[in-house]
Every structure is written in C-alpha cells, then in structure tokens.
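Below you'll find the structures, each written out as structure tokens.
Here chain A shows up in two complexes: once beside chain B, once beside chain C.
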Partner chain A sequence: MTKVFVDGREVEADPRDNLIEAARRIGVAIPYFCYHPRLSIAGQCRMCLVETSDAPGRLVPGCQVRVKEGMKVVTSSPAVRDNQRGCMEFHLINHPVDCAICDQSGECKLQDYYMEFDHQPSRIRTSKLNKPKREIFGPLVVYDAERCIMCTRCVRFMDEIAQEPQLAVVDRGSHSLISTFPGQPLDSKYSGNTVDICPVGALLNRDFRFQSRVWFVEKSPAVCTGCANGCNVYLESRGNLIYRLLPRRNEEVNQVWMCDEGRLTHHETNEKRVEQGDLARAIELLRPIAGKPGIGISLSAQCTNEEAAAAFDFGARIGAEKYFFTARLDGDGDDFLIRQDKNPNRRGVELAARAAGVTLHDSVEGIKALVAFRTDGLLLEKPLEVFIAIAQNQGIEGQVTLPCQSVYEQDGSVINYYGRLQRTWPGVPAERGESAPAWSWAERILAGLGIAGAPRSAAAAFDLLGLPGLKLEAIPEEGVVLEQLLPAQWPKRAPRPAGAAR
Partner chain B sequence: MTEQIQDSLAVEAELPSSTMTVNLGPSHPAMHGTVRLIVTLDGETIVEAVPEIGFLHRGFSKSSEHSTWHQVLPYTDRLNYVSPILNNVGYIMGVEKLLGIKDTERSQYLRVLAGEISRITDHLTCIGAIGLELGAFTVFLYAMEARELLWDRISELTGARVTTSWTRVGGVASDLPPGWEQKLRDCLPRVMELTGEVDTLLTRNRIFIDRTRGIGVLSAEEAVDWGFTGPCLRATGVNYDVRKAHPYLVYDRMDFEVPLGASGDTYDRYILRLEEIRQSHRIVLQCLEQMPPGPILIDDWRYALPPKKEVFGSIEGVMAHFKLITEGIQVPPGEVYVYTEGANGELGFHLVSNGKGKPYAIQVRGPGLPILSALPRLIKGHAIADLIPIFDSINMIGGEVEQ
Partner chain C sequence: MPRTDLSPGERLYLREAVRGMGVLARHFWKNLFGFRDPAPEVMERKGRGVNLVSTINYPEERKEYPPGYRGMHRLVPRLDGKPRCVACYMCATACPAQCIYIEAGEYEEEAIEKYPVRFEIDELRCIVCGFCVEACPKDAIRMDTGTHAPAVLSRPLAVFDKESLLRGPAVEHSTDVLTYRVPLKTPPR
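Take a look at the complex of A and B:
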C-alpha cells in the first residue's frame, strides 16, 4: 500500500490508484467528467485538477497522476476551486438551455457540478454555437452535439470495451463533435453503454427518450432475463410499467456493462401480457383426470428456480407421467457478456429437475393433458384433451391461460450459465391484472383439487431445490456461486468469479 | 295543613346532586379551531375540564419530512393561520440559521412590516371573538372590518389573505406593489379608529368588566411554570417579549414598548392585546420610514431561485432553478432552534438537517399548546358561562396547537 495525504488526512492507497481513486477511499469526491475507472485516461475535461506536493503552484489532473509515497494532495484549495468554477463556466459556454426537454435532467453531471462548484451566471456574452441536435447514431442511440462536452468516454468505450471502434471525434476546437463513420451506424451490441457513461445528455437511449422523467421512476435491483449470462441490472419502474434497465455493478458477472438486447427485455413485461385467467375452469378441467395416467408437465427455461421447483412438486402431487423442457431458441453470442442461450435459468431448471429426480423430455408427446409452466418455445403437434397454460405473454393459449408474472415482477432466483445463483425481487410497484408467479397458480390449482402441501411462498419453493445451507432470503445481492455447476470452458473475455481458473 | 307545611319544607331542602359531564366541541362554534373540552360540572360550576386536540389532523412534522425546505413553507401558513406571515418568518429564519446566511436588509424590514400587520390581524381576531361571544356583536364587526382592511393589504402583497407562503430563504417572495405603501398609510388610520371604537365599547363597559375582571386568573409564577409566553404571560406582569429580549431582524432599530398586565385575568389579556395593536402600528410606521431600497432576495443561486429571465434564457439559470426545485436547497447537517415572537407568544422551530434537500425532522413550539394545557387550571371553579370568554382570551389556534 502507498500512503498519501488527501486534504491532510492519511490514506492507504493502492499503488495503482490515481488521485481520484485514492481520495475516494476516504470519501473525498474529486469531480470529473471524462475519467472512467474502466477506460483509459483522456484528461479531457480538466475538472479533476488538484494540487499536489510534487508540483507546488501547479494543478495536476487527478485522473492521470498516480499516488506516490508521502504525496500530499489538496482537493479544495482556492486555486482548485477556482479551476473547477472556471471549468464549469467553459463547459457551459455552448450548452443549450435544454434541461426542461433533456432526458438527462436529474442525473446530469453538469447540473450537479454546476450547483456544487459554480452556481453563478455566465459571463460569456457571445451567442452559442449551433450543432446537430438529433443525430441518429444507431438503433438504440441518438446524439445531441450541442449538449456534448467532448469527454470522449463513448469513443473510448467503443474502442476499449466493446472493441468495435464505431465512434470518433471529428472537427476541431469548439466545433468538434462525436460522429460515426460514414455509412456505418453505431450498431454494436453494446452501444447502449455509451448512453450510460455519457455524463451529460448528449447520448440518449432512443427506447427511453421522452418516456419518463428520471425522478419519477423507482429504481430496484434485478437480474436481466435476456440470456444465460444473468447480468445484474437496475430496473426503473412506475405503476405497472418498467421504463428502462440499467447495468448494476457486479464484477463477476457483467462488471458495469450490459448488452442492448438485454436493455430491451422489459418490453415483454410491459406489452402483450396475459392479464386474466379462469382458475375455477382450470380446476374443473383437471379434476376428472387428476391422478390418472396421461398428464404431462412442461416448463420453460424462463421459469425461476421457484417456479421450476413448484412445477415438479405440482407434477408429483397430481400424478404427472412425463415432464417436458422447453426453451427459447439459441441466438447470437459472443465472448464477453452475450450468451447463445437466450434463457435466464436453464441451469436452474436442470438443477430443480435433478432435485426432484425427474427426467426432462424435449418434445411434447405421449400425453393427453398438459399443464405448461411458461410457454416459451412450447410446440404442440396435435391438440390435447386438456391444455392449461401458465403464460406471461399472449401467443400460446391453452383451454385456460393463467397470467404469469414476469421475472422482473416476482420474488425468486435464477442461475446463470456458470452456476451463479442470483436473487430477483419484485421490482414493479403496481400489479398487472391477476398475474401471479407460476408457483402460486400451481398451489391454487392443487388447493382447488383438495391437494394440500404445495409451496405457498417463493422461499418454500426454493427449499425444494435441495441446496443445503441456502435460503432464498439469505442470497446476497451479488449472488452466490454454486461450485458444483462451474463450467470447464469459459468465454474468453467473460467476467468470472474470483476463484475461477483463468 | 301540617302536611302542606312539610311539603314546602321539602322543596326548600338542598337537592342531592351529582356532577354532570358535558362535551364542548369539537364542532362547537365557540371552540375555535376544532378542539374538544370534556367539562365536568357541578351545577353551573366547572369541576374539571379535559381539552382534547387532534381533530384537525395537521401532521405538520411528518409532512415536512417529505417536502423540500421550501415546500414546508405552505405548511407553516397553516400553523397559526390568523398571522401566517409570522410563522413564515420564524420558519425561514431557522433554515437561514442552518445555512449560516442572512437575508437582505430590505427583506428584514419587509418581514417586520408584514409580520407586525399580521400581529394586528391576529389580535383583532381574538378581541373581536371575545366581544362576539360576550354578546357584543358590534365589536366583532368593527374588528373584522379592520382585519379585512389589513388582509386586503396582505393579499396585495403576497397574493393571498391567509395562505401567504411569502418568505424565501434569503429574502421574501415579493416587494411592495406600486402604490401599496400609500394604500397602507390610507387604511391604517381607519384600522386604528376601529380599534379605538372597540376600546371605547369594551374597556369601560360594565358588563364586559364584570364578565372578565378577576376571571381566569393565573399568577406570574404559575404562568412561567406552565410555559406561557406572549400576551398571556405578559398579562401576568412578566416582561418577556422575544422582540425585546432577543432582538431579531430589525426589531432593535424599532422604538416600541412592551405593555404589561398585572392581574393575569381575562381582562388583562384583552387589554394587553389592544395595546399591542397600537405598538405594532408604531412599528409598521417606523418600518415604512426606515426601509431602505434594495434587493428583497439574496443573489446566491445555491439558495435563491434565479430571476426568470435567467431561468428561461441561460443554461446556468435553468440548472440552478431545476436543482433547487427538484432536489431543494442543500442544507448542511445540523440542528437549530429558532424562536420569534408570534402573535400568541414564543414561536419556536426546531429544525434538523441531515445534509439533504429535505428536512430530517421539524418540530414546532406552538405558543398555544402550553397555554391550552393550562386551560383546565384557568377555568376550574368558574361558572360554565365564564368558560368561553376565558377560552377566547387565550386565543387558541388549532393549527399551531396540533402538530
């Protein structure tokens, strides 16, 4: 460790720390726009200039200067404050009067730092530069050059993290702006992250733009359901709608990033939902055949662990003959965050099946009646005598379709491709119709048939998974690795648990 | 014959009696501000009384925790709603103390000016109500005419008669409108004339004196013990007025006297308020004389909203406006107690900040609460008919008593 003094206070810093990170260790916030802990250093914004004992009388960029044994750092001297104030004044010279129509309002670094460091009128009397106001960069990103402060975080992200250099700075001086290359849109699968790291309202998410002000939505943690990677996310919701997904930091799953496809998974929760279901009729349909041969249970890899465990429990209690496993078709994958398996919980369903001691079949055949726990990828070749579907979205309808809650709406857990057990929480404040977790429908159907004992809560269903020493409530926010599930092969750049072999 | 005599003796004999419990309020016209008194009577004599508050469901403290520092201001209007500007001033001085800033000099004069007008309206309401409920309806009409004249001025100044929300951190919301000073100078003589009419109608009125002198007496010592402040305390002869004892704003530049009573009865509480109206009138006139020109709000965008021209025309202005409105003024962590002379006594605000844009906690020392809590002591042993004048004279205001 390296000992430095920040504002007179001693800090035990990592020798690789820059001054910003060293100061952060004792809660001193050095302001910055262009610095990002995961990107290369640009020194563009000049906001982080501080005084050090190494260069008396000069200001040095806190992002670029590394700590040195015994170094004294001053973060709030008059000279530093004056620079910060001056920086803000310069950054705002050409900034349009846009807060009222800007999606970034409320989470904008310019607003925060202006109030903290400047808070006075501009002295500039020239008119503002006009620049392109709404450049469509790609399918997910739109660019407003007037709001841009040229921090180049987006350019560096595309170069270094996405490794698809699709953005560049063009033109010079105050006329410079961010641009794509001619004829080539910003169509990287990670383009949405440029919006997240943009400290101002220059890059905006086209899906979220003008949908809601950011202070009206409630943020809650969740796990992305877009693929088997299980990226940790925040979902932001109001009423029964989710407005956007943002990456949540987890060094062992997704670092601080997520892919564009995952960013749009909330639309399935918002749109084309099954909202009402006739429970009494489902019970009536099942009453004559319960306990008799010919009943099958299908469950999809979109089920949470609890829904899967409840499905097997339901099958055992109703005397099911066969179990079928359905899933969404594989899609594109890469070696970073995107997995080919587009289901969030294939490993979890397999684990639940092992715990229940049942064999899973792929194609639905040889049965007369079917209860489907989520219908993703379900193919019925010929009509069945009884078909009850517990489904989230419209599409595959049974004789009775019971509305299923989305993973974003319910308490539960999922297991990602490498065996990380992660918790999901109810993140949508208002209910949507009669929708409920599939385990809840199973319990109510059984109760209607006079069969008691089925799990009545997510925690009770979780206990059926046979994971000794683990309770649903006790799963930490960052998840736990189930060592027995760890794979032998890893995607090259994918983040992995600290202990896993490289 | 002998039977008849015996019967008449039986009528003359003392009747065996038991106490009776009477509910006064909460929705009785004389129970100002929806308070309930559970009165135990022995014949016409009050044996015991239990005041019960809480019917207004104010929730002031809790509501304040969910509002920005400025959004609390409208809640303070509704504390003592007969003199709302005094509450506005008291509260905002607390926030300024937390921030360590001061409002502009003109704003200080404006606050004193509008505050003293509010004090006059408060006392007029109290005196008018005493008169009304003792049968002197004329007094009530005179007092209301005077009060409305002043509330017209208040509404011209702030935009509302009662829900003023007029102060701001670092100043006030609006300067005197054009021609307002002359209007005030024109109406003040009429207000004082009407006050004089009330004086002549009540002060030496035989019935009024009989109904108020020696009624509801509290000694100076007891009043201090009960936590009395304001006119009710000074009626007992204790000289404590926050404006003199701990001068704030520009009260140290004002020439005024603190009238004192001697006997601490209903009459003294009445006459004291009458005299305070005259003293407030003096302060108002002095404010008009001394008030310097200048800004009414400090020019620091961390606390005060930028001018609208800057908000609509510059990014700096719109940002400051946006942050102040959505997140509120960033008040450093700490806690303060500020106290000012409200119309009924020491109005204290205890403010706690945890460094965010919203208060962590706010408590109010409404002067009415300790006084109301002494009401059973004041009315005990008096006739039921004396209850209402005594209750009037302490001028309980539901909004400040309940929190």
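Take a look at the complex of A and C:
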C-alpha cells in the first residue's frame, strides 16, 4: 500500500491507484467526465485537475497521475476550484441546455457539477454552435452532438471493451463530434453500454427514450434473464411496468457491463402477459386424475430454482409419471458476456431435478395430462386430455392458463452458466392481475385437492433444493459460487471469480 | 387558579356588554348608509347604498378575480398553435396532488423533439397551488384564464385533456428562436 495525503488526510492507497481512486477511498469526490475506471485514460475533460506536492503551483490531472509515497494532494484549493469553474463554463459554452427534453436530466453530470462547481449565469453573448441532433447511431443508440462534451468514453469503450471500433471523433476543435463510420451503424451487441457511460445526454437509449423521467422510476437489484450468463442488473420500474435495465456492478459476473439483448428482456414482463386464471377449474380438471397414472409435469429453464423445486414437489404429491424439460432455443454467444443458452436457469432446474431424484425428458409424449410450469419452448404433438399451463406470456395456452410472475417480479434465485447461485428480488411495485410465482400456484392447486405440505414461500421451496448450509435469505447480493457446478472451461474474456480456471 | 387577565371593570361584564353593543351599532349604521368603500361590480346599479356589503346578483353580476388569481389551467400555445409544452414532466413532478398525467412523444422534424401526446389534468384532484406554473421551464402551463374549473356531473368529465386545455393567447419569447432552428444533419461522408 502507498501512503498519500488527500486534503491533509492520510490515505492507504493501492500503488496502482490514480489520484481520483485514492481520494475516493476516503470519500473525497474529485469531479470528472472522461475518466472511467475500466477504460484507458484520455485526459479530455480537464475537470479532475488537482494540486500535488510533486508539482507545486501547477495543476495535474487526477485521472492520469498515479499515487506516490508521501504525495500530498489538494482537491479544493482556490486554484483547483477556479479550474473546475472554468472547465464547466467551457463545457457549457455550446451546450444547448435543453434539459427539459433531455432524457439524461436527473442523472446528468453536467447538471450535478453545474450545481456544485459552477453555479453562475452564462457569459456567452454569441449564438451557440449548431450541430447534428438526434442522429440514429444504431438500433439502440441515438446521438445528439450539441450535448456532447467530447469525453470520448464511448469511443474508448467500443475500442477496448466491446472490441468493435465503431465510433470515432471527427472534425476539429469545437466542431468535433462523435460519428460512426460510413455505412457502418453502431450495431455492436454491447452498444447500450455507451449510453450508460455517457456522462451527459449525448448518447441516449432509443428504447427508453421519452418513456419516463429517471426520477420517477425505482431502482431495484435483479438478475438478467436474457441468457445463462446471469448478468447483475438494476430494474427501473414504476407501477407494474419495468422501464429499463441497467447493469449492476459484479466484478465476477459482468463487471459493469451488459449486452443489448439483455437490456430489452423487460419487454416480456411488460407486454402480452397472461393476467387472469381460473384456479377452481384447474382443481376441478385435476381432481379426477390426481394420483392416477398418465400425469406429466413440464418445466422450463426459465423457472427460478424455487419454481423448479416446487414443480418436482408438486409432481411427487400428485403422482406424476414423467417430467419434461423445455427451454428456449440457443442463440448467439461470444467469449465475453453473451452465452448461447438463452435461459437464465438451466443449471438450477437440473440441480433441482437431481435433488428430487427425477429424470427429465425432452419431448412431451406418453402422457394424458400435463401441468406446465412455464411454457417456454413447450411443443405439444397432439392435444392432451388435460393441459394446465402456468404461463407468463400469452402464446401457449392450456385448458386453464394460470398467470405466472416473471423472474423480475418474484422472490427467488437462479443459477447461471458458471454455477453461481444468484438471488433475485421482486422489483416491480404493482401487481399484474392475478399473477403469482409458479410455486404459489402449485401450492394452491394442491391445497384445493386437499393435499397439504407443499412449500408456501420462496424460502421453503428453496430448501427443497438440497443445498446444505444455504438459505434463500442469506444469499448475498453478489451471489454464491457453487463449487460443484463450476465449469472446467471458461470463455476467454468472461469475468470470473478469483481462482477460477483460465 | 385565579384569573388575572380580566380587570375588575371587565369582571362586571356590564361595561363590556355595552361596549359590544356600541361596536354592533357602529357597523349597523355604516352599512345602512353606505359609508364603506363601493364595490366596482355593483356600481353600475346606480343609487344610494351601493357598497361592499351590497348583494351581488350572481350570475348576472360577477366579481372580477384579482390579477394573481390562480384559475383553471391552460396549456399555452405557440404561434403555430402547437403547445409550448415539451413534456418534461416538471409540473407532474412538482404537483403535490399528482393530478397531471403526461405521455411524451417525438416530433419527427422539429428541433424541439419532444411534445406531449397526452396531457391531462384532473381538476378534481388539483388543489390549485400553482406549483405546476412555477415549475414549468417553458412557460407552457399557466393559470391565467380567470375562470375556475367548471362544475361537472361525473368525475371523468373533470379530467381535461390536451385539446381542451390548449387555449388562450399564444406566447412567444425572444429566446424561442433558438429552439425553432432546423437541426443540422451530418454531411454524407
């Protein structure tokens, strides 16, 4: 560790820390636009200039200068404050200040820093520079050059993290702007991250555009259901709608990024939902056949661990003969965050099946009645005598369809491709119709049939998984690695826990 | 506990009762002979005794509201008749009664990209605090109509939509020129 003094206070900093990170360790915020801990240093914005004992009388960029033993850093001297005010004034010279129509307002660094460091009226008496507005960069990103402060975070992200250089700075001086290459849109699978890291409203998400102001939505942690990678995300929701997904930091799963496909997974929760279900009719249909041969249970890899465990418990109590495993079809994968398996919990369902001691079959056949726990990828060759579906979205409907909550709406856990058990929380404030977790429907059907003892809570269903020493409530926010499920091979660039195989 | 706030004279009550009658009589004579300030609304009815306590024959005669009166909302039009509103939700955010509902949309061509597809005010919920007018950064909502929200026969009728709110004289500010300009497109490379 290296000892430095920030504003007179002693800091034990990592020798690789720059001054911004060292100051952050004791809660001193050095302002910056262009610096990002995961990107290369550009030194574009000049906002982080501070005074150090190494260069008395001069200002040095806090993002680029590393700590040195015994170095004294001053972050709020008159010279530093003067520079910050000057920087803000320069950044705002050609900024249109159209906060009223800008989606970034509320989470915009220009707004925050103006209030903190600038707070003076504009002295510019000439007209502002005219630049392209709302240029469509790609399927997910729209660009406004007037709002751009040329921090080049997006350019560096595409070069270094997405490794698809699709953005560049063109033109010079105050006329410079970010542009795509001719005939080449910003269609990287990670393009949405450029919106997240844009400190101002220059790059905006086309999916979220004008849908809501950011201060109306509530943030809650969740796990993305787009693929088996299980990226940690924040849901931003209001009422019974999810407005957008943002990556949540987890160094061992997704660092601070997520893919574009994952960003759009909330549409399944918002649209085309099954809302009402006839529980009495479902019980009526099952009553004559309960305990008799010919009942099958199908469950999809979209189920949470709790729903899967409850499905096997349900099957055992009702005397099911066969169990079927359905899943969404594989899609594109890469060596970073996108897995080919587009189901969030394939490994969890397999684990639950092992715990219950049942064999899973692929194609639904040889049964007369079927209870489907989520219907993703379910194919029925011929009509069944009794078909009860617990489904989230419209599409596959049974004689009775019971509305299932999405993973984003319920308490539970999922296991990702790398054997990491991760908790999800109910992240949508308002309920949608009668929808409930599948384990709740299973319990209510069994209760209607006069069979008691089924799990009545997510925690009780979790205990059926047979994971000794683990409780649902005790799963930490960053998840738990299940040693027995760790893969031998890891994709080349996939973030991984310390000590995992290369 | 002995009462100390009354003087011995007041404790007799008789003197105070006579004083009270005096106050009553003063107002009675003032009102009877019209010594008080005249009310402009009823001055047209000429004659003696026209004053502030004269009856206003509503609805034939109406008092004018004072200049700062917060009346029913209106959405201020631009010169071209479209609302000045850019659906920034500041009014909806500031509204303590949560009576403003906005849905935003996007103009295809204009430099002002955003506009309200729906803008609804529930005048029954509105507590007439005027925070929406204060909050508006575009001078797009005003309460200067000088009328109050009309009585309605059912609750849904008190929800006023964008079309019925968009009325009154258009407003143009000198700074609006900046927002009307045609945005540049990147030249083809």
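In this section, the second predicted complex is superposed on the first by the 502 of 502 C-alpha atoms of A that agree within 3 Å, B and C clash if a C-alpha of one lies under 4 Å from a C-alpha of the other, contacts with A are read in each partner's own complex, and residues count from 1 in each chain.
The rule is short, and it goes like this: contacts are C-beta pairs under 8 Å (C-beta built on N, C-alpha and C of every residue); 3 or more make two chains touch, one makes a residue touch a chain.
Keep in mind it's a predicted model, so treat the numbers as computed, not measured.
**Q** So if we stack both complexes on chain A, do chain B and chain C clash, or do they fit?
**A** Overlaying the two structures gives a clash between chain B and chain C.
**Q** Tell me the contact category for A:215 with respect to chain B and chain C: first, second, both or neither.
**A** both
**Q** Taking the superposition on A as described, I'd like to know which of chain B and chain C A:182 touches: first, second, both or neither.
**A** Only chain C is touched by A:182; chain B is not.
**Q** Please indicate which partner A:92 is in contact with in the superposed arrangement: first for chain B, second for chain C, both, or neither.
**A** It touches chain B, and chain C stays clear.
**Q** After lining up the shared chain so the two structures overlap, which partner does A:115 touch, if you call chain B first and chain C second: first, second, both or neither?
**A** In the superposition, A:115 contacts chain B only.
**Q** More residues of chain A are touched by which partner: chain B or chain C?
**A** When the residues of chain A touched by each partner are counted, C comes out ahead.
**Q** After superposition on the shared chain, which partner residues are touched by A:100: those of chain B (first), chain C (second), both, or neither?
**A** Touch partners of A:100: chain B and chain C.
**Q** Starting from the residues of chain A touching chain B, keep only those that also touch chain C in the other complex, and list them.
**A** In chain A, residues 96, 98-100, 105, 215 are touched by chain B and also by chain C.
**Q** Mind pulling up the chain C residues that touch chain A in the complex?
**A** Against chain A, chain C makes touches at 86-90, 93, 104-106, 111-114, 137-138, 178-179, 181, 183-186, 188-189.
**Q** For the complex, which residues does chain A have touching chain C?
**A** 96, 98-101, 105, 127-128, 130-135, 145, 170, 177, 179, 182, 209-211, 213, 215-216
**Q** Quick one: in the complex, what on chain A touches chain B?
**A** 92, 95-100, 105-106, 110-112, 114-115, 118-122, 215
**Q** In the complex of these two chains, what residues of chain B are touching chain A?
**A** For chain B paired with chain A, touching residues are 300-302, 306, 310, 312-320, 322-323, 326, 330.
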